[in-house]
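Two complexes are shown next, each including subunit A; its partner changes from subunit B in the first to subunit C in the second.
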Partner chain A sequence: MNIFLYLDENTWFHRLDPRTKIIGVLLLFGIVMVFNHPLYMAAVALGLVLLGATAKALPNFWRMRYILALLVVFSTVLWPFFAKGPTPLWSWGRLEVSRESLMYAVAMGLRLASFVAAGLIFLSITTNEEFTQGLIRLGLPYPVAFAFSTALRLVPTFAGAGATIVQAQISRGLDVESGNIFQRAGKFIPLGVPLFIYAVRHTNMLAMALESKGFNPGAPRTWYLNPQMRRADYLALALLTVAFLAALFLRLQGYGQVLPRL
Partner chain B sequence: MKAVITMWKNTRMIILVAVCAAIYAAALLAFKTAIPLIPGITEVRVANIFPMVFSLLFGPAAAWGSAIGNLIGDIFGGTLGLGSIFGFIGNFLLGYLPYAMWTTLKPIADGKRELALGNWRSWVLYVILALVSSAACGVVIAMWLEVLGLVPYPVLVSIITINDTVGSLIGGLLLLAVYGVVRRQLRLIWWEVMELEDIGKPAAGVLGAWLVVAGALVGWILGAYVLSGQALVIGIITTILILVGAFLM
Partner chain C sequence: MGVAISIQDLSFTYAETTRPALRNVSGEVEEGTYVVMMGHEGAGKSTLCCSLNALVPRFFRGEYAGRVVVHDVEVAKARVAEMSRRVGLVLQDFEAQLFSTSVELEVAFGPENLCLPRDEIERRIDRYLRFVGLAEMRRREPASLSGGQKQRLAIASVLALEPLVLVMDEPTTDLDPIGREEVLSVADMLRQERRTLLVVDQDPDTAVDADQVWLMREGEIVAQGPPRQVLTDLALLESCGVQPPPTVALFQALGWPGQPLTVEEAIALIREHNLARPRPLQTPTLPANGRPVILELRDVDYVYPTRAVEALKGVNLQIREGEFLALVGQNGSGKTTLAKHLNGLLKPTRGEVLFRGRPLGEIRRTEMARFVGYVFQNPDHQIFSNTVREEVGFSLRMAGMDAKAVEERVAEALAVVGLSGYEEEVPFTLTKGERQRVAVASVLAAQPQVIILDEPTTGLDYRHQRSMMEMLRDLHRRGHTVIIITHSMWVAAEYAERVVVMRDGQILLDAPTRTAFAQEGILAEASLRPPPLLRLGNWLGTSGIPLDAMVEELRTG
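Up next is the complex of A and B:
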């Protein structure tokens, strides 16, 4: 099963230093957070689609289309009942929907989808190795980064094993699709036990393999992957910083706000 | 809390972090669409049978493993975002609180690390810790997502709490099945893998445990059902209580 979202393309975005990609996606998250007016959020969302097209990340947007659509619908349906606005449109008992809360709800739906879109662009242009290397270069201690990258590498193995276990147990007569929620969840124990034992047995072998090669979590290291910050990286970070500050300035001037909250 | 930092010196504990994270993430992905609650948002997270079991077996490695596993689930699931930050912290607590409170939640806990699985008192403690750690995780994540304006606190805190509690309770069966194998055959129980001086003794563990209980239950019940209009304020205060309590353990 292919669970990776990285798309092997040769774009300007793909060639950026992993530190730039990590800081860049944080700045994009910041821009997504600034406005709560649906028109401004629509502009931000459109900007992200254009960025996604430039980074050739649209196949991943298409792959996640149902989740993106459901996020917008869910948020739009839920928020009108929790955010309060001054212009009532409809009320029933304690439930009240206002014009502002409805607009806020649409904006929050777009915000949620924009978060996912920004994350998808990042994951489409960054390999797991680059992500880990970027985190280390930004100050993450090596043992933590090692555990993270090892886990990333083990996930497809364990996910594949999980899928095989499900099929094996179904072929033995385990019915995972009938019964109420609790009964159905309980049926996953015959799946969880073999997956757990299969995975944990790896621990001792992996630890012995590492120790026999002289692994020392605290020792200084050299790197095979050695990315460098170039002019394009500084330019990308400068552009995103300016965009974030401009958005923040607009919001502080009262633009892009339908309710006085984040 | 000391063991959470000192465990990074121990190769086996580092591998356990990676293995816990990978199992959790793999289960999140493999069983993601099994029983959807709100399509695209949340489902009955079958993977939640793992964090509490990991916690009681692998201690601090489970805390980091659950946190990293959830982050990887977000990465491979395509839902990486600012919400992932508090998803990391919430799942860290889900893996940290059960083992930390197993010895500190006195007088319910007897102070011994060994799991006496044939003793009813252990199972009472297990049920309480399943609820408290799930509510703590729910309060922290729901508070943050309300601050970000993504999902209303009263809705999400209850979904996460109930979802995680059910997962942890079902996980009790998994614990019964694998405890002997991990303890006697694989010899990977956390307090035997780590050096005794690296584990340390909490200075105010009992106080910390009860702060977490108060923060988690008040944050969930008051914020979701009694004073939902003030949910964000309640969420922030109880999140601080939970984090301070967790730090004291």
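Up next is the complex of A and C:
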């Protein structure tokens, strides 16, 4: 079971400093938020697919294809009822769909998918340790960054234990699929308790192992990973900043907007 | 050569408990020697390991008396992080020790804590990954390694701190035979480097090479000495819940001269004194073949959806009512995948699985628990109740049985596993062996006709292994069909009637137990080896399996 999305490739993107990756993905999020016109959003989405291809992150896009498709479809179906536009297309009682709201809905679908895509690119090119390292270089104290990355690290371990626990209880006749929501909630006790106890034991063991290897969160330490900001990093950040500012400028000029909202 | 470890009159009682975990333990380890510690579960071995790097009393608090000195540092006065330069500790649970996303970063963690410069860290990663044979795996994710590789990585990550003493607490318990050998060969290399090495292990085979064997019982050290002295005192070993070397036991039972610790030594002694003459081996055929087939796999293929790996390839297997069958093979050979098909946890990608001629797909989950019970390896993956009674009655309540009938069944199941009177106990506070029994009882309560157990003896000491297997034998006598998955060759040899050997998702060998263990060549293909007594038996041509049967046979000539 692998829930991590990191892909061990050696692209230009992978070699960037983790600080660049963190700030970069934030800038990408910013760009994704700027427009709400479907055509402009489509351009942004296409740009992200190209970035993804360059970073060799497309396998992860493929892995998440259902989620991405679901986001687009749901948002396209639901948004028209919540956003109001001036040109009515269809109405039924108080429900009303306008041309603008439909376009806005498509744009929102693309925006959500682009959001996920930007995140996917980041996760595909950044290891857990690099992320931690990046956070530390950006000023986060080591104990906080360590706790954060360890928590992330434990997710797949607990997910694996959880899967075994489910099988063990199913073998004893636990039926997780039937019953109403309250009955179902009760059935999580046989799953939750062993998982909780496993987690406590596991964390305790891990703490022992860490201490035995000389871990002391308050003490000074050195790093094997030694990311450096290079020319490529400054270039990447400059390009993304320019792109973000340009997008913002366009939007403020009234381009890429179907409805006057975010 | 100086003294590496000196323990004087050490006693320790964990906080909130009353029984001391260690009582007046004393001992000395010379620099550059190899010590193996043995003893039953709860004898204090792990506590003693932890007292060497200050986890006791710094991490585990409690009442501490006595003095432990490691390379001139009094442990109780140091912090764990300081001790890490002197004592490296490798724990049994390798899963819990690894937490990085790549092999090299895992090894880098210790040296980083020591504030070493980057190029020195680089040098140590290189050196110790090469030492444990993982140099090729530098960029791999630890989770993708095999058990033996993970434990070797854990060892490398500790060695990278270059500790003066290396302590390994049951480093091979959770491993298959190959993983075990991998880890022990690393231990062997360390020994050749004349490092001070302290290993806790249950297997007398490991202890044979030690300079010193320490035997523990109830928190005390009851014997310290060279292996030839300690491992030949069978009564003492037995009282410590340790498996005696079977060849020594055989020679003593027959009154033969000599105390051979290994099969090779035994053969040499037999030759030298002309004690017995090898004869052709006659293997018995399987009894009870007329009984109806209870479970059947027909041309089963299985592909794990997430990994696209073919875990089973064209498996055909018929299990008859009342059989006692052992599934053996390396990790990843498909044993567990096969077993999970037998109660419908996994559905074959191709082919079919039948229970008394009925396809499993037609049987409901709650009903299935009454036909085929499945006990998972780790009892802690299923125990969730506040009392043993509730835990054992769970599957019955799920099946909608009334309270009185549940009560009766629970009492019955507890009697079978030898836990009568434990109804009101809190399962979490029981020992590992007892929790394992609770797990078996909770599956037994549904009175399944077939009971499958995944590694029923892993993590138990010899005494508990014996009593667990005796209990299964008893179940078998009552008419249950018993299927075990095991890494332990002596367990398979002494208790199963039939052995199925798996390799790469296929059945390599399927034969009555004695016949299967006579095929050393085929077993070797699956990286398995018969237990010591049967290797000797194969050489001598004896067909009996347990010690008594072999003794009997050799006596009568």
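We adopt the following convention: the second predicted complex is superposed on the first by the 242 of 262 C-alpha atoms of A that agree within 3 Å, B and C clash if a C-alpha of one lies under 4 Å from a C-alpha of the other, contacts with A are read in each partner's own complex, and residues count from 1 in each chain.
Rule of thumb we're sticking to: a residue touches a chain if its C-beta (ideal position, glycine included) is under 8 Å from a C-beta of that chain, and two chains touch if they have at least 3 such contacts.
Quick caveat: nothing in here was measured; it's all calculated off a predicted structure.
Shared-chain residue A:Thr222: touches subunit C; no touch with subunit B.
Once chain A of one complex is fitted onto chain A of the other, the partner contacts of A:Gly179 are absent, as it touches neither subunit B nor subunit C. In the superposed model, A:Ile189 lies in contact with both subunit B and subunit C. In the superposition on chain A, A:Thr150 makes contact with both subunit B and subunit C.
In the superposed model, A:Ile197 lies in contact with both subunit B and subunit C. Within the superposed three-chain model, A:Leu206 lies in touch with subunit B and with subunit C [touch as defined at top]. When both complexes are overlaid on chain A, the residue A:Pro88 reaches neither subunit B nor subunit C. When the two complexes are overlaid, the chain among subunit B and subunit C that reaches more residues of subunit A is B. Common to the subunit B and subunit C contact sets on subunit A are residues 4, 150, 154, 157, 161, 189, 191-193, 197, 201-202, 206-207, 210-211, 215. Residues of subunit B touching subunit A in their complex: 8-9, 11-12, 14-19, 21-23, 25-27, 29-31, 34-35, 38-41, 44, 46, 49-50, 53, 64-65, 68-69, 72, 74-76, 78-84, 147-152, 154-155, 166-167, 170-171, 173-174, 177-178, 181-182, 186, 188. The part of subunit A that touches subunit C in the complex is made up of residues 1-2, 4, 6, 8, 127-129, 150, 153-154, 156-157, 161, 164-165, 167-175, 189-194, 197-198, 201-202, 205-216, 219-226.
The part of subunit C that touches subunit A in the complex is made up of residues 50, 53, 55, 58-59, 79-81, 84-85, 88-89, 91, 93, 95-97, 99-102, 104-105, 108-118, 121-122, 125, 139, 141, 143-144, 154, 157-158, 161, 306, 340, 343, 345, 365-366, 368-369, 373-374, 376, 378, 380-385, 394-395, 398-399, 428, 442-443, 446.
Of all the residues in subunit A, the ones that touch subunit B in their complex are 3-5, 29, 32-33, 36, 60, 63-64, 66-67, 69-71, 74-75, 78-79, 81-82, 104, 108, 111-112, 115-116, 118-120, 122-123, 141, 143-144, 146-148, 150-152, 154-155, 157-159, 161-163, 166, 176, 181-182, 184-186, 188-189, 191-193, 195-197, 199-204, 206-207, 210-211, 215, 217-218, 261-262.
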